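These are the structures, in structure tokens.
Note that chain A is present in both complexes that follow, paired respectively with chain B and with chain C.
What follows is the complex of A and B.
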């Protein structure tokens, strides 16, 4: 209970610090906030008026105080680009990103763990060598390149899958696989080495001596022991997917938080950048929190 | 010994086979275990005691280790030739094993109860509550004070002595005819050692089980075992009734082991250690049939010198 309270307070402080960092970074990065909204023919006086209306001519600390005050009241502000309320505009984007992110997490563990287990079970076979080499490639290949190659083959050449946009499940396949590729590769390798490590533990010999079947030893005892390191690093996988989503959503034109954030940065749409960045920080923090709760539940030493 | 042996190991050799290497670690080992007897296998670390015992239940790491010749007869069958599923039916139900380091030999993710009930259900199609009541019985039989509490505890919650009793319960639970205990008391303190050994003796008396006890402690051998086998560099160098072997050891290596035992009733001020270490199989000279050259001389302590001192005359 105490540790939970501590985590909540720490999460809050982290969000506060991140809000300041994001707030400062986007303003220090230069660029003209009026360019996106006002026509190129606008005069310097027009631009100054716009800045004044948006409160952007105030001292930066005062701006930050105003922003925080509104945030605590639940007012996320409006987009500078089209004046839409961020709270309305964000709902659809968050939903889309959740679909993509959750699918990718599912692929990371749903494909990574079974493949790693088979590789460990059939170690030094051609299957193991194939899987292990593919996972090295999966970790080495940058996802923006993988995205382009995937689009080239599966959309342009074969015409099996759409290259961009959103619709049915067909539109989800390529971005989800590209987004999860590195996570799958890491999970395969971790699962394989954890399984092999645990197969050599003394307790496996004890279970064999008691007459338990190899299948039961492998799928119940060795697997359960091997899941611990995978769960403990699941928080990192969340962070990875959130980070990569910026690139992958943009390439595949997936209308989610990542794509919106990239666009907002390009337009210097300060309020939108601030909200979505803070949202990503929150997701990564919650992902790590979920992973450490999962680890505590899965480990009898910590559970008791 | 008028009975037929229950377990009969004949001319067993176990070899290491792999990339360009090939030599036998255990060579031509023979020993018999008779009903209701406690047989001790003694020798230093690296003499092939544990490997011989593990091979009975095909628990040696294979590959790279393989049984290269010989037989292990049990109940009319050669255990070196049975299928994997037949071997699984023998493990725990006919011949059970107790290992030396109880803390690492129990799966840390499951309670003692889960391990025990899994062992029951591996051999018998019974409901969980039946398996559970057998598990509680086995815990009590292994000398555990509060079986219900221990049933729900994880290995990290158990002391070394209690862990070893859980291991013994795991070995007892399917009522095997033979228990192989591989240095069951090495990791435990002396009082717990004595309790565990007493429990093994009682179990032999109560259930008529036969026990193979692997140890390097001659005191344990003298107080517990009926017969003993002395192993050195993967071979049996001496065997016989415990009193006879301890009173009149024939082989220089046995004499060496006895010389290294501290005695309260002796005037000797210092112990006589066996110098050096057991030569590894790949350090043995080809042929392995050197006669004993000099037993009591002040030879150097290298492995070859030890072979010269302790090797059997063929």
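What follows is the complex of A and C.
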């Protein structure tokens, strides 16, 4: 437990350090901010004054401290492209991303675990072969291409679902499935191999000898042992989903954090880039931390 | 010879290798055969596959899809294979040192490794692009960093176990130098794992390069990239779907072949090493 606490503290220090690195890198190479905000006719003196007003002539560490100070007061600055308050913008985007991310997480486990279980129980049947090959293919299809194929068939050809935008559950179906595809494939694979591993363990033989029904052995004992490592590592799926959301949200025009970050990078809107990248780094770090805590708790050997 | 025969019997490995060879040959020969990837001919735009003169069709600007796609393979392979190859060497060295030396060195290295490891490659690449601007460089840096860390992590774990083994203890007692023990006794036991893992990370790198170029943060025009081609072609899906189907299928085939090779090599590995691999792939 003490080592866990140490990990948490050190992780937060690293989080701070990495956010500083991103902050500094954006400021140092973000190009001329004055070019983005001021008209081309602005003189050198105007530009200098603007930099001074924005605090950009201060040392990076001091700027960072000021930024963090404002951050904790809820002042995130304004977007350079439309001058909107980032704090107002962020609430909406975070809400949208949470809806998409949570739905995808549900699909990853809700579909992945049952399919993996059935594949393991019906080992070497046509169902197992089909599922296993589909999961190999599922991990090889780049999700942006999967998205295009899905849009082509389900919206362009069949007209069942909208291709992009937001509003109602219909709009959520395609992005959520595309976003979760690789996670589902991976979960199927992990569940199947964990179930098969456990079915060959001594405790199953003992339970059989003790006269327990097969069903009880599968669902109570084998399943529990197999799911523990998968569920405890759920935090890692968070990182994966955050990564892919950058692409999937962009394709489906889903107005979330991922799409906003990509657009802001393309437009060099650095206050927006700064906040959303900090946010995603935080989310992924928390996911990883949850995974390492979960993994420690699930493994009695690692508990100290 | 027996090992080679065993490899030939492994279906996944053989199929993966065949696809990989076809793709590599396309990447090497293609640009020479299909001509200039940037030559435009606006009168010959959106030609479908099978058009005489441009057998594999053209894009919106009349550029040969075959020339662009095969050049895109080069870029993709360069980023994925050369950078992951380098990452494998550096990651193995870092992992060997951290796992064998232990103490403070290991503490610092493994803290960094644990922190970076969980980050998805695409996010790191987008952050890199946010920091230093769009292009192939942020993709290369991100692939390098993430894959080095991922390999170092697994190698370190393996070395921790191996360095307790009798043969290492005996070598130490025999007075061999640390360098010799690491290179002659420890490294041969971890390099197979690093190799197999690298093949999976090549797949992740191919996807990341394509995805970043797809959203516009990777390879910049006029340089062709498969991801960027898929993205340009998506606007003309009804008119000429080949513009995104050709690069899309190539990316899929590349990733599939590398994954099949990885799975095949894994099956040839010592069963004991497989557990380490499965654990590493939980990400």
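The criterion applied here is as follows: the second predicted complex is superposed on the first by the 233 of 304 C-alpha atoms of A that agree within 3 Å, B and C clash if a C-alpha of one lies under 4 Å from a C-alpha of the other, contacts with A are read in each partner's own complex, and residues count from 1 in each chain.
Everything below uses one rule, namely that a contact is a pair of C-beta atoms (placed from the backbone, for glycine too) under 8 Å apart; a residue touches a chain by one contact, two chains touch by 3 or more.
Since we're looking at a predicted model, the values are computed, not measured.
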{"item": "Side-by-side fit of chain B and chain C on chain A, or clash", "value": "fit"}
{"item": "Contacts of A:273 with chain B and chain C, given as first, second, both or neither", "value": "second"}
{"item": "Vertex chain A, arms to chain B and chain C (CA centres, degrees, nearest 10)", "value": "80"}
{"item": "First, second, both or neither for A:224, with chain B first and chain C second", "value": "first"}
{"item": "Chain B versus chain C as contact partner of A:212, first or second or both or neither", "value": "first"}
{"item": "Which superposed partner A:240 touches (first chain B, second chain C, both, neither)", "value": "second"}
{"item": "Chain A: partner with more touched residues, chain B or chain C", "value": "C"}
{"item": "Shortest span in Å between Cα atoms of chain B and of chain C, once chain A is used as the common reference", "value": "17"}
{"item": "In the complex, chain C residues that touch chain A", "value": "111-112, 114-115, 117-123, 126-127, 129-134, 203, 207, 210-211, 214-217, 227, 230-231, 234, 237-238, 241, 244, 248, 251-252, 255-256, 259-260, 263, 278, 282-283"}
{"item": "Chain B-touching residues of chain A, taken from the complex the two chains share", "value": "201-203, 205-214, 216, 221, 224-225, 300-301, 304"}
{"item": "Parts of chain A lying in touch with chain C, wherever the complex brings them together", "value": "7, 10-11, 14, 18, 22, 25-26, 29, 31, 136-137, 139-145, 148-149, 152, 156, 190, 193, 229, 233, 235-236, 239-240, 242-244, 246-247, 250, 261-262, 264-266, 273, 277, 280-281, 284-285, 287-288, 291-292"}
{"item": "Chain B to chain A touching residues, read off their complex", "value": "57, 59, 84, 88-93, 96-97, 99, 101, 104-111, 115, 118-119, 122-123, 154, 156-157, 167, 170-171, 174"}
